[in-house]
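In the two complexes below, chain A is the common chain; its partner is chain B in one and chain C in the other.
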Partner chain A sequence: MEVKVRPLDCWNDFKKYRERYYKNYLEAKDKGGIRWAGSAWAFDPVPHGLGEDVYSLTGEPYGATCAFFHDFSRECLENIERQGVARDLCGYMRNYWGSIVLDKYLLADGSTVSPFPKPDFNFTIHICCSHAKWYHFAAELEGGIPTYAVDISVGPGYMLDDKKIEYVVRQLRDAIPWMEKITGREYDDELLIKAVYAEADAMSTWAKICKLNQAQPAPLEEKSMFSLYVLNLINRGDPEVAKLYHKLYDEVESRVKRGIGALTYEQFRFLTDNPPPWAFLKVYRYLEKEYGAISLGAIYTFGLAGGWIGMDEKGEKWIWEPAPTPEEAGVEITNREEALRWTAEYNLRYRASWQHEYSHWIRKQETYQMVKDWKADAMIMHLNRGCELWNMSTLEVRDYLVKNGISVATYEGNMADPRDFDEARTFNVIDSFMQSLGIEKIS
Partner chain B sequence: MGKDVEKLPQIKQFREWFEKRHDYAKDWKKKNGGRVVGYYCTYCPEEILYAAGVLPVRILGSHEPESITRPYLHDMYCPFCHDTLAQGLQGRYDYLDGVTLAQSCLHMRQAYFSFADRVPNIEWSYYMPFPHGVNNPYAGEYTKAEFEKFKASVEEWTGTTITNKELDEAIEVYNKNRELMMKVFELRKAENPPITGLHAMEMVVSSQMVDKREHNEVLESFLEDLKDVEPNRETGTRLMLIGSEDDDRSFLEMIEYGINYPATFVYEENCTGARYFWDLVRPEEDRLMALAKRYVYRVPCPAKDWAVGKLFRRRFNHIESVIKEYNVQGAIIAQMKFCDPHELDIPSLRKLFDQHDVKHLTLELDITQPIGQFRTRVEAFLEAMAEEDLFF
Partner chain C sequence: MIVAGIDVGSKFTKVVIVNDAKEILGYSNIRTGMDHHKTVEEALNEALKNANLKREDINKFVATGFGKISVPFADSEITQVVAAGKGAHFVWPTVRTVIEVGAEESRAVKVGDDGNIKDFALADKCAAGAGSFVDAMVRYLEVPLEEFGKISLEAKESVPMNAQCVIFAESEVVSLLHANYPKPEISRAIHDAIADRVASIARRVGIEDDVVLIGGLANDIGFVDSMKRELGTEVYVPDKIAPELVPALGAAIAEL
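Let's turn to the complex of A and B:
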């Protein structure tokens, strides 16, 4: 059946925000502002307390943008490898380091400028084996940038206790005077509180948007979602981001009500798993065009940018319901302490991707439930050589899904190293998989 | 005439324990009626298990080719993890009653979960959150809280109560083992060290497999006998081995015994070497806190060593003192393929060696080693060092 489709009205708002984000970081110093760099998993609201002219550069989205513009990525990767950096390390990280070594900064439209803008400080977390060490080495490459990494190794949300939360909060508490010392700024708790509210709002609203994709036809396809979810990975403490997500929510909700879909022919619904091969997003277009196959999302797009209830208290079942914001939880945040505690607990408990990295049991439940709730016909997994964290448990999950009657295809690739991808082979995998399921080409 | 180290009964004993580790554990079970727990990473507080009458044994690989882990562990995960899981799947660890992991690198995390789920004899498994940020001031307290939970789980499983008395005994036995091995290492500072890196590896790895009380007895007499050892080999270039787990005999044998340029390892900075036993538990009233501090503040694994405010790596400070104290001339960086924690340190580590004028060679380890290729590279490396000596 043919479905009504139309482009998203707020598409340009998101595009412009991204463009502005990278430019703001570049130009921060001209305006007397502050720059910090760190992982997209970092506690973004915390540096917001340093002022309204504080601009960040989060490394993973930057690395993904490099990968998307693959000629630049190749240059970065080859340059950093010449410095003796191993080729099997995180693809984003190598693009980021390569960009420093090349002394070229990539903007959202693919243009580059020199020099690479150094941050005033690095502020990150450590969940995979790379995060903190990524910025440690970046700091060395940049001549000794002050670096602070927060250890969040406290396990999944449903196993949290006060001591674990306190461990993280104490590190955040210490980060503030450290930032004050480096920047010479006085910290403003009101700005922190505002950012903490904004973060929860943006992440929970993104989760609500993802839930709307359970509709048939699905109002969004994942390739577009990549451009939407990313605001939560670059600046989710900015209230402007939450506002954009509310606007998006209203639009997507109205699409669902009016039966507007993302694809003209939706004959096959699937989920993905890892970050995509950014230089080869045509995989998604191929599936759409040839098979009317829509990617509804992934534990990646939903879980990294969204706040979800996640594993139930017993650790038995995954619940794909948006996490409560402070307002929904009836909590008022009035001071620094409460703000730090809220952001620590919200991320540790509800950021889906912080949960499933702790065991394959969690990831199995999370994925299985996602297939059911989003009414997916199958899973197409990217065995992504670019990220050891996202690739953890993927094969165990595949085994579990197959044993539970869910069809799974896998293809090898690398999210951020275009040299690690075999296009023809990937299309072959897809064709054989579709044939095995009896899905005919639509064209 | 002095003694030949190769003929010392203790060397034979270490080797036998190393080679027949599974038989040892099975015999131990028969003799003691106790349980055996496999542990995946050296951050496991073994003392707590030992205090409950459990024998902790380290899960290691066998360095034989395998292909049975590929359905569960992606091939971008390190060969060590594949090898350990293969051992479990092949039934080599069929005597284990439990398995545990003190949170470590991601590769081990997945290997552990697959092992715990897929090895049928495992009746108790425990994944312990352990800080990654061992350079932050709150890591000790957090660890202590996790050790409390670990202890409670061990008690429940074994039906025992671990009192301070048992903990003290376990700490004493473990500390003694550490002290004795540190004393052996101290002897390696000599111009002609009495033991090689191969001997050291067998000593350390066997200590990870056998009851430490027994190991201590052998170590004590070993130290006595070492006084009379007369090294009958040329020491040659004094090397430091640095990097990921390395218990592959063929690799050490090749470097120390199999090439034309003499060379001897005087220190192994890895977790099948000094990093396992360096640093003692400093007794304090709160036993679990004492244990937590030892594990948190020991020489860190690269997976846990990174900046919190200041740009420094604790492991690097340690390496610098080893270079000086052991008069290290060259370093072999033996890094497991795909091992991110180590790879992340390597460019800076090379710089550190350059600063100290220590020549270095990086080799990438796999389940089995391309010995011929390694030999050529090590030979060239040692030859270049020897030539430099001629000119300066």
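Let's turn to the complex of A and C:
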């Protein structure tokens, strides 16, 4: 059946925000502002308390942007390898480091400028083997940048208790005077509170948008979602981001009501898991064009940028329902302590992508439930050589899904190293998979 | 209806012609040259001659294999996975796990009672689990290809070969030769190494009896023996048709 399609009205708003974001970081010093760098998983609202002219550069989205522009990525990767860095380390991280070594900064449109803008400080988190070293080494490469990392390895959200939350809150509490000392700025708790509200709003709204994609036909396809979800990974403490997500929510909700889809022919619905091979997003377009196959999302795009209820209290079943905002939970945040506590607990409890790092059982439930809730026909999994953390337990999850009657295809690649991707072989896997399921080409 | 299945592999191009009673009327198997179009024409002509048919007698051409785009006159294309599964199920109806080892690639396909594909796994970008690995090793051992499998059955002990990469494996074979290991032991070590690699791919889909081995390497009795030991189960090789012809047969019967 032919479906009505139309481009997203707010597409350009997201595109412009992202362009402005990278430019703002570059030009921060011209405006007397502050730059900080860190993981997209860092507690973004905390540096917001330093002022309204504080600009961040989050490493994973930057690494993904490098990978998308694969000629630049190759240059970064080869340069950092010449420094002795091994090819099996995190792909995002190697692009980031390579960009520093090259002394070239990539903008969202693919153009580069020199020198690479140094941050005033690094503020990040530790959860995987790479995050633990990423900014320490970046700081060394940049000639000694003050670096602060928050250890968040306290276990999955459903097993959280006050002691574990306090462990993280204490680190955030200590980070504030550290930031004041480095920047010479007086910290503004009102700005922190504003950013904490904005973060929860943006993450819960993104989750609500993802839920709308359960509709048939699906109003969004994942390749476009990559450009939408990312705002929550670059600056979710900015109230403008939450505002954009509300605008997007309204538009997507209206698409669902009017039966507007992302594809003209939707004959096959699938989900993905890992970060995609950013240099080869054409894989998604191939599936759409050749098979009318739509990627509805992933535990990556949904879980990284969204706040979700996650595992139930017994740790038996995953619940794909948006996490409550402070307003929805009936909580009023009035001071620094409450703000830090909220952001720590919200992220530890509801950031889906942190939950499954602790147990393949969680990831199995998370993935299985996603297939059911989004009414997917299959799962296409990326055996991603570029991320040890995300690739952990991928094959266990695959086996679990297959045993539970869900069709799964796997292809090998690398989210951020174009040299590790075999395009012809990947298309062969797709064709084999589709043919084995009896899905015929539409073109 | 008469259908020709054409499997353009990286080393050999195979054609199998069947009628609507699914009887094999003719076949061919020739080395894939640099000019794939020419190879396809030659293979087809040979199969037609073998079947005592003319080109116009063929109602449908079905292409498969890595070089399937080199069959411009094909009425349809079928992936190697489906061709392998369909072909193996036809020649061995009780098959549930098909393992195909060709020159450049190996794959495992799980098939249902009805012959439909339930799951599959492909080898990654490495020749260590494929026939070209054998070609490379045979050069160093200076043993004729047809003898390579036989002598491995004469081995009295298992010698571990650790290299997973064909390049490093070559130097490991040289080291074993310098250490005066007999050729049968080295041959078995090589077969075991390939079997280890192929079995790990097959385990991704789960091993379920009957296991049928197809593709060129299924002609190597040393490899079949290694696969049986590695999987701990019987491994069957089709006997009514050469194992390397099974995907071409599968491509043809898929259209019937």
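Here, the second predicted complex is superposed on the first by the 443 of 443 C-alpha atoms of A that agree within 3 Å, B and C clash if a C-alpha of one lies under 4 Å from a C-alpha of the other, contacts with A are read in each partner's own complex, and residues count from 1 in each chain.
Criterion: contacts are C-beta pairs under 8 Å (C-beta built on N, C-alpha and C of every residue); 3 or more make two chains touch, one makes a residue touch a chain.
If you're wondering where the values come from, they're calculated on a predicted model, not measured in any experiment.
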Which term applies to chain B and chain C once both are placed on chain A by superposition, clash or fit? fit
In the overlaid three-chain picture, which partner chain does A:Val150 touch, first (chain B) or second (chain C), both, or neither? first
Applying the touch criterion given at the start, work out whether A:Lys164 contacts chain B, chain C, both or neither, answering first, second, both or neither. first
Now for A:Val429: first (chain B), second (chain C), both, or neither, which partner does it touch? second
After superposing on chain A, what angle in degrees do the C-alpha centres of chain B and chain C form at the C-alpha centre of chain A, to the nearest 10? 70
Looking at chain A, does chain B or chain C touch a larger number of its residues? B
Which of the two partners, first being chain B and second being chain C, lies in contact with A:Leu395: first, second, both, or neither? both
Kindly classify A:Trp361 by the partners it touches after superposition: chain B alone (first), chain C alone (second), both, or neither? first
Under the stated touch criterion, which partner chain does A:Lys133 make contact with: chain B (first), chain C (second), both, or neither? first
Between chain B and chain C, what minimal C-alpha to C-alpha distance in angstrom results from the superposition? 5
Touching chain B and also chain C: which chain A residues? 395, 399
Looking at the complex, which residues from chain A come into contact with chain B? 83-86, 88-90, 126, 128-130, 132-137, 139-140, 144, 146-151, 153-155, 159, 163-164, 167, 170-171, 174, 178, 357-361, 383, 385, 388-389, 391-396, 399
Residue numbers of chain C touching chain A in their complex, please. 66, 78-82, 85, 116-122, 124-125, 204, 206
Any idea which chain B residues touch chain A in the complex? 70-74, 76-77, 103, 105-107, 109-110, 113-114, 117, 127, 129-133, 136, 138-139, 141-142, 145, 302-303, 306-309, 311, 313, 337-338, 340-341, 343-348, 350
Chain C touches which residues of chain A in the complex? 395, 398-399, 402, 407-408, 410, 412, 422, 425, 428-429, 431-433, 435-438
